[in-house]
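A, B, C and D label the chains in the order they appear, each numbered from 1.
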Amino acid sequence: MNVEIFVTDKAGLQKFYEAIIAKNETYAPVEKFGKFDFKHVSSLSECDPDSPIEKTMSAKPLFFPRSAKILKYTADSSGTTVKETDEDPLAGKRVILGMKHCDARGLQVLDKVYNWDYIDSDYQKRRQNTVVISTRCDKAGTHCFCTSLDYDVQNLDAMDVLIVKGQDGKIFIKARTEKGEDFLKSNPIDSANSKQHPASEEEMKKQYDAFAASFRLKMNYKEINENLSKIFDTPEFENVSSNCIGCNTCAFICPTCHCFKISDEKIKDSGVRYKCYDSCNNGYFTLMAGGHNPRPAKYRRWRQRAMHKFVYYKERFGENLCVGCGRCTISCPVNISIFEVVNQVAKSEK
Amino acid sequence: MEAVANNQLVSIEKPEIVAPPNWEPVIIGILCNWCSYAGSDLTGTSRIQYPPNIRIIRVPCSSRVDPWFLIKSLQTTADGVLVSGCHPGDCHYITGNYFARRRFLVTKKLLSFVGFHEDRVQFSWVSAAEGPKFAKVVAKVTEDIKKLGPLHLYKKENFDK
Amino acid sequence: MARVGVFVCFCGANIADFVDVNQVVEEVKRIKEVKFATNYKYMCSDPGQQQIRDAIIQYRLTSVVVAACSPRMHEKTFRKALFDAGMNPYLLEIANIREHSSWVHQKDKKAATEKAIDLVRMAVAKSIANEQLHEISVPVTKRALVIGGGIAGIQAALDIADARIPVVLVEKSPSIGGKMAQLDETFPTLDCSQCILTPKMVDVASHPYIELIPYAEVLELEGFVGNYKAKIKKKASYVNFKTCTGCGACWQKCPVKVPNEYNMGIDKRKAIYTPFPQAVPNKPVIDAEHCNMLTKGKCGICAKVCEKGSIDYKMQDEIIEREIGAVVVATGYSLWDPKPYEEYGVGRFKDIITSLEFERMVSANGPTGGVPIRPSDGQVPKNVVFIKCIGSRDEAKGIEYCSKICCMYTTKHTILLHHKVPGSHSYVFYMDIRAAGKGYEEFVKKAQVDTAATYLRGRVSKIYKKGDKLIVRGEDAQIGQVVEVVADLVVLATAVIPNKDNPDLARLLGVSYDKYGYMSEAHPKLRPVETAKAGIFLAGCTQAPKDIPDTVAQASACAAKVCGLFSGDTMKKDPMISSVNNEFCSGCQNCVKVCPYGAIVTEEIPMSRGSKEMRTVAKINEGVCQGCGSCVAVCRSMAISLAGFSDPQIINEIVSI
Amino acid sequence: MDYTKQIQEIVAKLFAEDKIDVFAGYRMTGFDENQVPVLIQSSGEVSRLVFNDKSVFNLCNYLKYDHTRNKRVGLVVKGCDSRSLNLLLTEGQVKRERLYIVGIACDGVVDEQGNKMQNCEECMFPDALVYDELLGTQHPEGKYKVNSDIKELASKGLVERRAYFEEIFESCIRCNACRHSCPLCYCTKCCIDQETSKLYNGANNTSSAFHALMTWSLHLAGRCVDCRNCEKACPSHLPLHLLHKWNERVIYENFQEHLSGVKEGDRGAFYKYSLQDPDDFIM
């Protein structure tokens, strides 16, 4: 596909954003209590599409909300009636600004899960109606390792429009999908000074190289994939998880964790059924109705998490579940790093 | 804001919410069995009239009242809650109301701190002999909560109208 | 799936006139769980109850809601109806639509009906979470402890023992008998106190079911109804009661003289003594405070004269334990010290005495041989002034209440004076004459005629001395003038007050007491014998001032209560109490701190099934728990549940409005 | 404030004398100046231990998990940590004889940016109150000060406060990290876990967050020791200390200056009462 690359400057990007926000239902990182979360915005001043990765929650909740209504029901003497829920607030046409590449990769992962044995129609609808505008980070966060994983950070299908901030204040905007192209047509960049700038691809590559060079962490994922699958019973899992306090935060803020539970809230004679986040780090995650719990110990739950990210998912879908965003490490109250853990375990003897 | 000009009731916590016409608050009254419930029975036997907004729940002792109940009430059905027990020293269970009193104060203050008007939760000591007092307490609580307007904070799905 | 039946009562017109009962039925029929709803004129009547019983069977109901009057009124009635239909009685819920709706919203039928519907909805929702409960049976130790050996304790002990239930009778002093043993003749019949009391005392000593422990005190009471354990301190008597024959040689020879408490200090007793000749047990004890041998190590005469060698100066206090099932507290009363009446010269004038001192003097076995004398000169008084309400009904100096017995015994004293001192004359200053009781008013009337005593209604303002006479100045309110009476002797009818150690004993027993120090009954009218603590009963002046007939009646009532409690091998208890779910309990023990009855203890259980590691959890003693729910509200992990008022039940009520 | 050397020596000795099975301390993250709690099982790992003003996490949290249960544990406690330890001892969660406590007379710790933590500025008990061995020089006991955030918020109007807290409850993602990181939330089953609670059936939405956080803060009222583990754990950076400090103030001012965990045996404010407690708010 021969795609146009638009080049603009900071002011142009600003105007581009403003126009988008004015014209579309737009979601972008909004700062609250020092942390950016994707919220509906009505002006550019409310949000910061260039929010730093360390302080930004993933965009996952816009597609897989922390809590979503599945259905409503009433129960009276005439019987139980299931009703449609209110309109899904996330299903309409919308644009997301400032999504990180790792989140975009996360969406690709979720796409596979929710399009697998059961098609999650709500999720699909949200995906289809959303234009993802993803901005490449300037430099790596402390715990980032996305560049050394099994995906090409520069080319992600979930990004409809890619924004790269090159040198000399040049900003490159590129549609990556048809949806993105259509979007750019209806939301033109007005200060675009040239089209199909010959050196654009190269300059974008240059930015990427500089970006990739800023990484502190580099993961040899092949070795990890291979070793982890062999050492299920290593006692090292107990060591690495010893200071875990079992708080579930890692799963709640992870862009790819997709486990959920069903929660009913019945009050009086009507009720709502919700689909809510759950976490495999939760001791009750695997508790069965009969009382048996196959993962009663903390290290087993940690093992599940590590193995799912680097072994199980790969076995089924051929890629790693972890996108290397480092959010779990940042949010962990005791700073357990998934990077450290898997490396340490992978090195251990069986 | 137009509605306010017409002297319509607004929620004190959220002035943008206007009470529907003929709005009547729902008040949950949690009464201890030995004093206040008996007192409310006496109000009945004495045919003393009071506003009909209160719905009464019987508990053995005011110390049975978990702050949970107040939070749950405010999040679902109630616009206000009244908890009533025996006068200090008169507790059928000797010391129950002393423990309850501490919890009530902290709960009331915490709710008011996070944005509920103080009068949303109220407490009283009503003895089994104080039928008239019970009627007065209910009348006051009802009047107070009518002034505060409907409660629309953190309501559960079915209750946020 | 819950199947609830709703029964709405008209209560004649009481409910139906102000609440649209048909609308209530129609509305509640729409609730999913309600499988049957009806209304009826009088649900509590037999046909009404029959409807409930029939519907339970016909509609296979799992719980029943009756919308009627207060549960405090008819809960028991309807529970029984459920039971008769083969249903667990605790699956009943009552919606109080009479006291809480129809009677209090009589001007607004629409609002009253709406409220009634809500109340029924709440009851339906609660009933869905109701659980089947079963009365709890607690094993019973069939032995009673009676504290105090006055007439109340004696009567209670004898009545219980006659029902072949073992009794432990603990008396603080060396002999039983109490205050009644100090009296001469008793109103209103003037029969001799000793003549009616001493046979009973002897019966106590010889009764096969009574273990009499004199000269002892209760130190500790732990456990709960039916299962108490009492620690009793037997004070050292220094006399071996087993070998002592009560011959009296010891106290006849004892050289130490001490004021005699039995005779109000009017005469002396010895350091080794029996309190009075008819004492039971009739064995002497040594007063360790005054005995030369015990204080100075010199003397030993009693040991020398005792042929049986029963004197043991090395005897120590002994602590014994008894397992018991119920306690009767009959510790009696004290008399108020009239010292605050300074204007009467109390303490300064010897010839002002108290009624009990007068009683001892006129007593046939008293220190003066039954003739009253003036303490100052030993002369027999001719003009005696009796002043009533000394301390009683006096908020300023004494206590607020009426001591109840003073009117009657003062009347009796005028008669006794009239009999014992020919030519004497009584003057009685009084506020009111309270003579409510069988034969009391007649007694007072007859005494006034027979003795020709002068009754002066009014307070005495001052007593002063003139020569060897006392001048009593007071007001005669009936003529509205100040009067002065020349008296040889003044007798003060001092108030009845609780024993000083009553509050201590109450705390030790876990019983509440009022502001004066009297122990509190569970209900002033309907449960005047029980205390709020199950298995502890009150007899006599421990609870409030009483005369002998009332005391005996209450003592017998206590006995009936104890016998009722012990009528089976186990007792039945209301099942609405707390229980701990071990799985949830984290063992913080905060519930232990808030339980007013000490009903929560801890136990060690294995960490998991088969595990050797142990953890601590709370455990509720079913026998002690009274079901207040304090522990439930402080349990953060919701491990404790209160049957009948569980969290799901209450939350169901809250959300169903 | 740097006791790295002393602590390493103490721990080496403890392992050598076989007095403990595990030691809870801090180690460097390995890539920046911040620290991570670490559980050390043998003397070989002692050199990893550090302690300085970046040692923030309240290690008493580790006393409640399986891996230290029934083991002999050594740990480092600062003043605030020792108050939570006192409560754990009082509430029967740990046995004193199983602990070896290295107390610190704390000069205050700093956050990731190097600023002194707010709770350290207002600290009343900087020195460990329970210990086997105390490092550092003791400080005089501080005076009770009302938290500055509380003062500011309390002076605001009702609507303003409501709006501020609505944002907090809206931003809560219901991950329960606050509860898990709290040393005093040791219940085996929590009342705000849907899986275990008889009553709590909450979606991860705002009303549930309100319910859960309110219940949680009331369960900690009169117990919270202001170590701020919860706040540091919150992935949404919510100012959770507001709820606790407010309760602390209400309790301090109304219930005979109650402060939690100051001595062993002293329970939370809700498990005792006084006849002098305020009664004027009750009709």
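Everything that follows uses one rule, which is that a contact is a pair of C-beta atoms (placed from the backbone, for glycine too) under 8 Å apart; a residue touches a chain by one contact, two chains touch by 3 or more.
Please read these numbers as outputs of a predicted model, since none were measured by experiment.
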item	value
Contact-graph separation of chain C and chain D, given in steps at minimum	1
Most centrally placed chain - per-chain CA mean versus overall CA mean	B
Centroid spacing, where centroids are CA-atom means, of chain B and chain C in whole angstrom	38
Centre-of-Cα separation between chain D and chain A, whole angstrom	32
Separation of chain B from chain D, taking each centre as the mean of its C-alpha atoms, in whole Å	34
Inter-centroid spacing, chain B versus chain A (mean Cα positions, whole Å)	45
Per-residue overlap in chain B, given as positions that touch at least 2 other chains	68, 72, 76-77, 95, 99, 103, 156-157
Set of chain C residues in contact with two or more other chains	594, 634, 647, 651, 655-656
Shared-contact residues (touching 2 or more other chains) in chain D	191, 196, 199, 270-271
Chain contact graph, described as a line, ring, star, complete graph or other shape	complete
Chain D to chain C touching residues, read off their complex	69-70, 91-93, 186-191, 196-199, 219, 267-268, 270-272
Complex contacts: residues of chain C adjacent to chain B	70-72, 96, 98-101, 103-108, 111-112, 114-115, 118-119, 122, 512, 532, 576, 594, 596-597, 626-630, 632-634, 642, 645, 647, 650-651, 653-657
Contact footprint of chain A on chain D as seen in their complex	29-32, 34-39, 57, 61-62, 65-67, 167-168, 171, 173-177, 179-181, 193-196, 201-205, 208, 229, 232-233, 235-239
Touching residues (chain side chain A, partner chain C) in the complex	75-80, 267-269
Chain B to chain A touching residues, read off their complex	76-77, 156-159
